[in-house]
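Shared between the two complexes below is subunit A, which pairs with subunit B and subunit C, respectively.
This part shows the complex of A and B:
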């Protein structure tokens, strides 16, 4: 099946791709789906990089595919375990293709919608508006991927909705934190361009701080360096200073 | 004479009523040792992944032991109550059923914890959220144990298991008490 036909199947009837035999579909469509995800999200990343231009085009083009692929790798075992405990007997040969199909569908739609984002960025909109537009696009695409994954996998009925929601929530948490770790996608106009920022704080603290700022409470935010991958000097200081 | 053999407990069915259709055999099969060991390894793996995120190595061991101590401790301490309670209240239910249900629950909790381990490692590597990850993972694994245990009991023994609800409450409280006890040791290591 050609790339175009696989794209058409992903958009029109994703369930048909896994209906016959999940293991066979993984072998048949796996590489093509992976290619679709990488190329589509790279196109979207390059468009996001146009806000700053220059080397950020390449940086964002490389990081956007990682943003979509990292949650698949990290959250897949949790999703499979949640489905199995929830009474939906699926294995990796079913969850893997279903997740790849959902993500491929989302990234293809992001790629085809990217000219609209480029148009917006080309008129030099405010930095915060640019970030909001990117976040909104990613959240919408993520929800579409979640709905597609749930529709492709077996399990219907009210009891199963909770299982689907739990599995998708697990992937959503990893997706959100991946976005935080891989930032910046949109570099500030006058800031130095870097491939990645130091590991510090987390996406949830960041959202809470943004929420406070949106409500007019500018209390400032001290993004502390935390986590195994944080700066070793900071970790050493934390060790001697006691609990964080 | 038949009346003298009637069960003492008014809610329990009489021996005559035990001629109900046999339950599926696999529902009373107690999980094997490898399955249980895998489950314990999963719980330990999840705890170790979270423990790597603690700011001080002195708290690693205690943090790593929170999930396994909480879930297995609760199962060991409250499991006999479940078995004895069902034997007493439901004479029609085979004695292996609650043991098998609890074993399946532990196996499910272990597989959940093992599945969550890569996520936990990612989150503690990129953030300082290890306490939240520990709590969330412990809660998810605990819910998994409870859901699978109750589901297996319901399938094997049928409905009307009000006693099981009371047992779940007891097991949750005991599990939380053990987990917080071990968690306090982890916090002590940070001081």
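This part shows the complex of A and C:
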């Protein structure tokens, strides 16, 4: 099946790509689906990079494919474990193609919709509005991917909806944190352009700080490096400094 | 260099090394070039191909029936009514065993066709024909067992009783394994 036919199948009838023999599906369509994800999300990334222009075109074009591929690579074992716990007979080889199909569908639609985002960015909208538009597009595409994954995988049992929701939530968490680690996708107009910011805090702390700000309490924005990948010296200095 | 980039570097190198190993393994198993290249970057997705049983290159006389029985049983197990059957790997392993046994039958059939044309009265030929008949009967019995298993799943859905699907599939695999043992015994006696 050609790449264009696979694209059409991903959009029109994703279940057609799932063979009875999951490994055969994986070998037949896996590389093509990965290629579709990389190209489609790179197109979307370049469009996102047009907000700042210059080298950010390349940076965003490289990072958007990583943003979509990381959840596939990282969340697969957790998703499979959740399906098994929920009593849904899903093989590891079935979860992989289903996830790739869902993500490919989302990224193709993002690429198709990218001219609208391009038009919006071309009229020089406010930075925060540009970020919101990007986040909204990614959330919408992520939800579409989640629904597609749930529809492609075999599901049965009383807890089908709960298990699908749990597995997709696990993937969503990885997706959100990947986006946090790989930022910025839209560089601030006056900030220096960099490929990635230093690893600091996590997406959930950021959401909590945003929530506090929305309530008028502008605290908690002094994000510092945390966790396994944090710089120990910086973390120690932050600990000794105490609350400010 | 602080600990942070060093850890990133180590993780990246380990990920890349595993990717190269998986890609090389896929090449040796005859996977497509695209799959091998994709494994360099996304090896966790393509890992099942590494552990997949290599498909037999030749099929035997029962290949079509094996395929049909396996598809039917998979479809029955995937039915929404057949709740709670987590036996996908067991079925895959049984089908792989059946395909190997069928490939051996195909080899014997080709041998019988070649040698039988010139040595009709050979004692070895008679022994091979008899062994082939027994092996084919055993494979067909296992296929009948798969049909019986489908019926059991249907009964379970009506009565609500548990069917030990895992144990039944293991029994069928053991029966195929016994076929190999029996052939070994015949070879020792011959």
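In this text, the second predicted complex is superposed on the first by the 222 of 244 C-alpha atoms of A that agree within 3 Å, B and C clash if a C-alpha of one lies under 4 Å from a C-alpha of the other, contacts with A are read in each partner's own complex, and residues count from 1 in each chain.
Convention: a contact is a pair of C-beta atoms (placed from the backbone, for glycine too) under 8 Å apart; a residue touches a chain by one contact, two chains touch by 3 or more.
All figures in this text were calculated on a predicted structure; none of them were measured in a lab.
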item	value
Subunit B versus subunit C as contact partner of A:181, first or second or both or neither	first
Which superposed partner A:170 touches (first subunit B, second subunit C, both, neither)	first
First, second, both or neither for A:13, with subunit B first and subunit C second	neither
Touched partner set for A:85, first subunit B, second subunit C, both or neither	first
Partner chain in contact with A:202 - subunit B first, subunit C second, else both or neither	first
Subunit A residues contacted in one complex by subunit B, in the other by subunit C	73-74, 77, 84, 87, 199, 228-229
Subunit C to subunit A touching residues, read off their complex	2-4, 7-8, 31-32, 34-35, 37-38, 41-42, 44-49, 52, 70-71, 74-75, 77-89, 92
Subunit B to subunit A touching residues, read off their complex	52-53, 55-56, 108, 111-112, 114-119, 122-129, 140, 144, 147-148, 151, 187, 190-191
Contact footprint of subunit B on subunit A as seen in their complex	70, 73-75, 77-82, 84-87, 166, 170, 173-174, 177, 180-181, 199, 201-204, 224, 226-229, 235, 238-239, 242-244
Residues of subunit A defined as touching subunit C within the complex	20, 22-23, 26-27, 30-32, 34-35, 69, 72-74, 76-77, 84, 87-94, 96, 99-100, 154-158, 199, 225, 228-233
